[in-house]
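Step one of this worksheet: look at the structure below.
Per-chain numbering from 1; labels A, B, C, D, E and F assigned in written order.
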């Protein structure tokens, strides 16, 4: 008897439930490409936005819909990109690894401060107060907004309060580029190794008073560069990276070291004519 | 006593009472200042497009001669502050720390104070347009500090009208006494200026608002009031930032300028007294502005006082002439509440400079105190004249949540008066946070269409 | 000729008003008479208790902040207030080891965990007390009679109980005015309440000194007067009206005001700005909410006293008060369009 | 994941190659993926019944039982149950085993049953069980699912006991009902109150966080050659 | 670009299959539950009855057996001891000779945290409460839960007067809880220190229950005896 | 016998024995969905709604099981019926009020398999509440749940802008706040007793 009641009651319930679910199944099916989930899983979940999409999921959608290629994701490993590409049966869309580069060499050992800034310790804040008190208006303030902005621990301030970007860790997400109030950082392919390390628009030897490694707009690098690789614009040399030639010729005669070659092993190499960078009697305190 | 309480001077709600420090200079008559060996004249001394030089290097110019013409409507011309030679047209140092386009002028030794005159503009015979053009040609900008071209403000937009002209004589900044002295010494010019302004704007009445700590100025102006002019003097409470135009309009007219709006939205035009006096002084002679009244004061100055200083005089020269102490540590252009600290003494004063305040180290150190976290004491909330919540804004800014600040807490309304920072017991640099936040948001907005 | 590199910074270049450490120091000053009177009333045990409470809070704050590398953690004086207030809300002969435990909890759990000064969402002193009340409910509801003749020569046995052991009581116990009211329907004379002639927590008995301290802080603009006024006003109003409707059940307004921890709580604890709303209207609403809740717990609830719970509850709703009660920003809303 | 089974019951007695795998299924639930301490699942029973070690133990075992049984049944029926009615059937299965557990405990000890109150039936809605059925058992073989359920269940019991120990020792001065200290011990009543549950669990989590942080600090990331710019 | 190596799984499951699976599993479940229920039922029933009996004998010292009576508003009738769904049941306790020792009554009311459920023994002869047992409470351990264990508190219920007044409709004196150490009347309960609230709750519960039952029992005492 | 008054049932379920803070029911959403005030509030509303529905459903089932004399099916049928009823309601709302669905609907599936809902059904049965009492009980429990959730959300939103030490970030902090809230709610004990 008990068994019958039980079977009846529970059987009835399950029948109702089953019917309900069947109806639900028929009426409300959501169609979403299951590959999106899979691709999203294959992405690094950094949600950094370097791919140009607001996050990994939207990028995954774009990948699946064929609107983007896996190579756009700079955070993923080569293998990871390859996996996604072969899963979706598309090209990797190989993109050369990009890194952020700083266009200033004016650490506290070589660049002078005109005034001492007091207040919130951020470049953004300091740059609003008379440009930050650095004698060179264009120079790095060394308060590390770019460091804070980096989610990948790829930027650190060195002993002279200049940011250094680790080529390994940098994912080219562009956060530091946005963060810098002086627009000193930009994204470049790693293979671009000839680099103008200054943004000062002034010309003449007087500006060496402000900063020992400033570009005086003497123009020698432009003269020496093969194939008109470098032209002078607004008192600064400009490298035409669209026809980039890997050469160290232009740095040879630079008197200040404002143009450098970024050697993968040795780091920043300036020409033999550039004077040694430690200035005697330079103030060593931080530009606060 | 009860009676006194009842007829309290009108004012706005909230605000602060910083010490005034005006005693040192308010009784010092305005005196003329010698010409510096070299004058530095930036081409953008106003908000808007920089002016365009019409002189060339090596050219000799007379005081008051046009140096650069206005470039469009939101721009004003520059006039020579002294007779001399144009040394160079290039980049000059500026208060922003940046080198900006400008002119170096070397006055002739012993050059006279005589000023070149132009075509007079009479109130009675000119149309409002003519007056507005004349104001632009005179190179007049707001002398209250913002340096906004005055003629732009006077040009009432289509579909709006002005019924009241408020002359801002509040001068609520501590230390500064320029407007005070102007009201005492240049009452006829002010009256004349009001006539021009009334005609230009079409307003039917004008009110001069003066803080109650300048009773002599109020009396002086009242004595000069001509019977034929719908002009009156209104004394308002001493309170910072009474001089902000929104606060003055609220105090005098009990109107509120809508958020994101301008005084003209409540049918009002606000002009600073010194600006008014300058209009009244220059237009009848067709001159251009070449000097302005500046208070030089502060604990770091020995010869405190009010001076007519030619525009373009370098700061270093002014300080030397005014006998600044050797150990000055901070120098501000403008008052201590709203003014800008200068990073170099090689920059010139401009049309917008209403005062120079120099602090020695002791005063300066008072600001350099330990910052605590916000303790929600509410002092800032009780101080903000715009009824914002600086505490919340500050916390949001610290965590870089700029969008919430703008969307939920009216960040963009903040006019950076600094009242909140002044009262904060935790010494949080609130205004600095807000400046950054606003800048970031504006930059974002500027970039938005490209993304 | 000018010797120095100039300093630059943003406006305003002058600052006024008192600083945070100054405010905190003054609160300590305002509390000192209360503490002194407590020692006078309850003798050595109260003195030891206050010292232990202070020490536990200060030590916890010091070591925890050192641990995460903050410099000079005690310089803002706030934890001194926490320690003092925490001690003042405990019964005078509570075992010192319990006092110590609560002090550690107050600072570690009530303050440090949230980020320290300025970030705590609850009143740290009350978190400590609430913990102790829940952990050792018997010990914390056992009271000592005031003005015992041997209070300066004899340390009660319970005070010196060894850690983790139950206290043993060897002195005359007293009943607080509130529990007399609640369980025996006996109301204490207002004059006695005012002058601190009753038993109760160490620092709550003298309403007069507390009020004076509060007035001092209000006069120096270091305290938001709206909170105590709204709070006390609410309690007084409700109790007066109900007392009038049925004096047998509902105690009178003055009794309610001056009994238990209400005065101390209203003046010194509800006013802790960190965990209370920031706007003037918000503060008033906050005071009213706490007032209502105190009344409800005291008169209809199970416990004789509810100040602590009411304030903690107020702390919990204060983010919402801040969210919903905001002053109209200048130039927004309908009002400006009138012109 | 394993290869596709051929017949309906093919996966039933499918033992994975080597024992290493299933040991791992077991171990991971104990620590690495501990449902309470790491995944923070099934909080209600965790907090509600851990005011004594006995209750924690009973609850843990009951959950373990249901977890293992439902994992076994779900994984063995995984090819029979259509995807659309998956959740519904899992709930049915779980509810059955919970009912069974409920009656068994009631038969063993009324006191324990009373102490656990409504929380035995509430095992039905413990997210861990449905979670494992859905995430693991529905995709894996019976043996692996069994090990997984066992691991998770033991891990759950372990976490409950951690809480139960500290709450009972401090709160009642006893362990498994056996008095540990002399009579004069002062109980910390808060530990057996609801708030004590929150605090105790938070305390454990803080401890583990602290350990994790210290581990991180102890072995700093390798310093890589940084390219100067 | 459109190479779909992995097709989204399109499982077209027939409705019948779903139905089949659900109902099938439902049936298995039902069977499992019924089997458990049937095997454990006797043990559980026995456990429960024992627990209740233990409580009854505790509040009615001397009782050896018990009888259940249900009150239907008019009269008492003997009830099936195994039927738990009945309401308004009281138990009479009989000694070895079959004489009635007293009546055990369940009562319930709000305590400090949650409802307290108690069983108390009522002696219709003495018109007094003669025993007290806490069936269920969620009072604070170490504090309120002493109402179940505190010896001094239990002492209150050896003989707690619950005498009816002349009208026979209500108690002559309300049962009342007083602060610890101040008990002076036989109808007062001496509270536990530190748990005054729970003690008061017990007093209230007993008072309410006695006010309700005492008159009924007095009027129908014969029905309870004769059966 | 005197039964509890409706007012008291309500107070008890919402404040004194708050489902979350005293009974530990529905801790998962309490920890999970209390991060944002707006979400917490909508979740609370959805819970109140589901509680009312499932309370009524449970009342019906209980009556039915008593009638067929199969109390052992209580648990399984509660869970099944509650789950399917809520799903039905969800479909219904989706069909007839998309805006309401947007506001509350997304929470519904989350709630169905939640301790608080099933706990409510079991408690009301254990306490032997009649239909009206069950309804009030469900309402009180739902409102109490919402209160706890909303208070928590407010505090957490505030704590989003606090310099919480790394060690306490995450669940631990939420639990600690929950503990203090639970302490606070002890102040309501004995109310109405």
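The rule is simple: a contact is a pair of C-beta atoms (placed from the backbone, for glycine too) under 8 Å apart; a residue touches a chain by one contact, two chains touch by 3 or more.
Not measured: the values here are computed from a predicted model.
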*Mind listing the chains that sit against chain C and also against chain D?*
A, E, F
*Minimum number of chain-to-chain touching steps separating chain A from chain B*: 1
*Please identify each chain that touches chain B as well as chain E.*
A, C, F
_Pair joined by more contacting C-beta pairs (D-E or B-C)_ = B-C
*Could you find the chain whose CA centre sits the greatest distance from that of chain D?*
B
*asked:* Quick check for the class: compute each chain's Cα centroid; which one is farthest from the centroid of chain C?
replied: A
*asked:* Taking the mean of the C-alpha atoms as each chain's centre, how many Å separate chain A from chain E?
replied: 72
*asked:* So the centre of each chain is just the mean of its C-alpha atoms; given that, what is the distance between chain A and chain C in Å?
replied: 52
*What is the distance in Å between the mean C-alpha positions of chain C and chain F?*
33
*asked:* Quick check on chain C: which residues sit in contact with 2+ other chains?
replied: 6-10, 109, 115-116, 119, 131, 134, 137, 302-303
*For chain D, what residues touch not just one other chain but two or more?*
84-85, 88, 92, 95-96, 99, 103, 189-190, 193, 195-196, 199
*Specify, in ascending order, the residues of chain B that touch 2 or more different other chains.*
340-344, 367, 373, 429, 432, 435
*Could you run through all the chain pairs that touch each other?*
A-B, A-C, A-D, A-E, A-F, B-C, B-F, C-D, C-E, C-F, D-E, D-F, E-F
*Residues of chain C touching chain F in the complex*: 68, 109-110, 112-116, 119, 121-122, 127, 130-131, 134, 293, 296-297, 300-303, 306, 308-310, 312-313, 316-317, 319-320, 323
*Which of the residues in chain A end up touching chain D in this complex?*
14, 17-18, 21-22, 25, 101-102, 156, 158, 164-169, 195, 262, 264, 267-268
_In the complex, chain F residues that touch chain A_ = 64-65, 68-70, 72-73, 76-77, 80-81, 83-84, 87-88, 91, 94
*What residues on chain C touch chain E, complex-wise?*
137-138, 141-142, 179, 183-184, 302-303
*In their shared complex, at which residues does chain C touch chain A?*
5-10
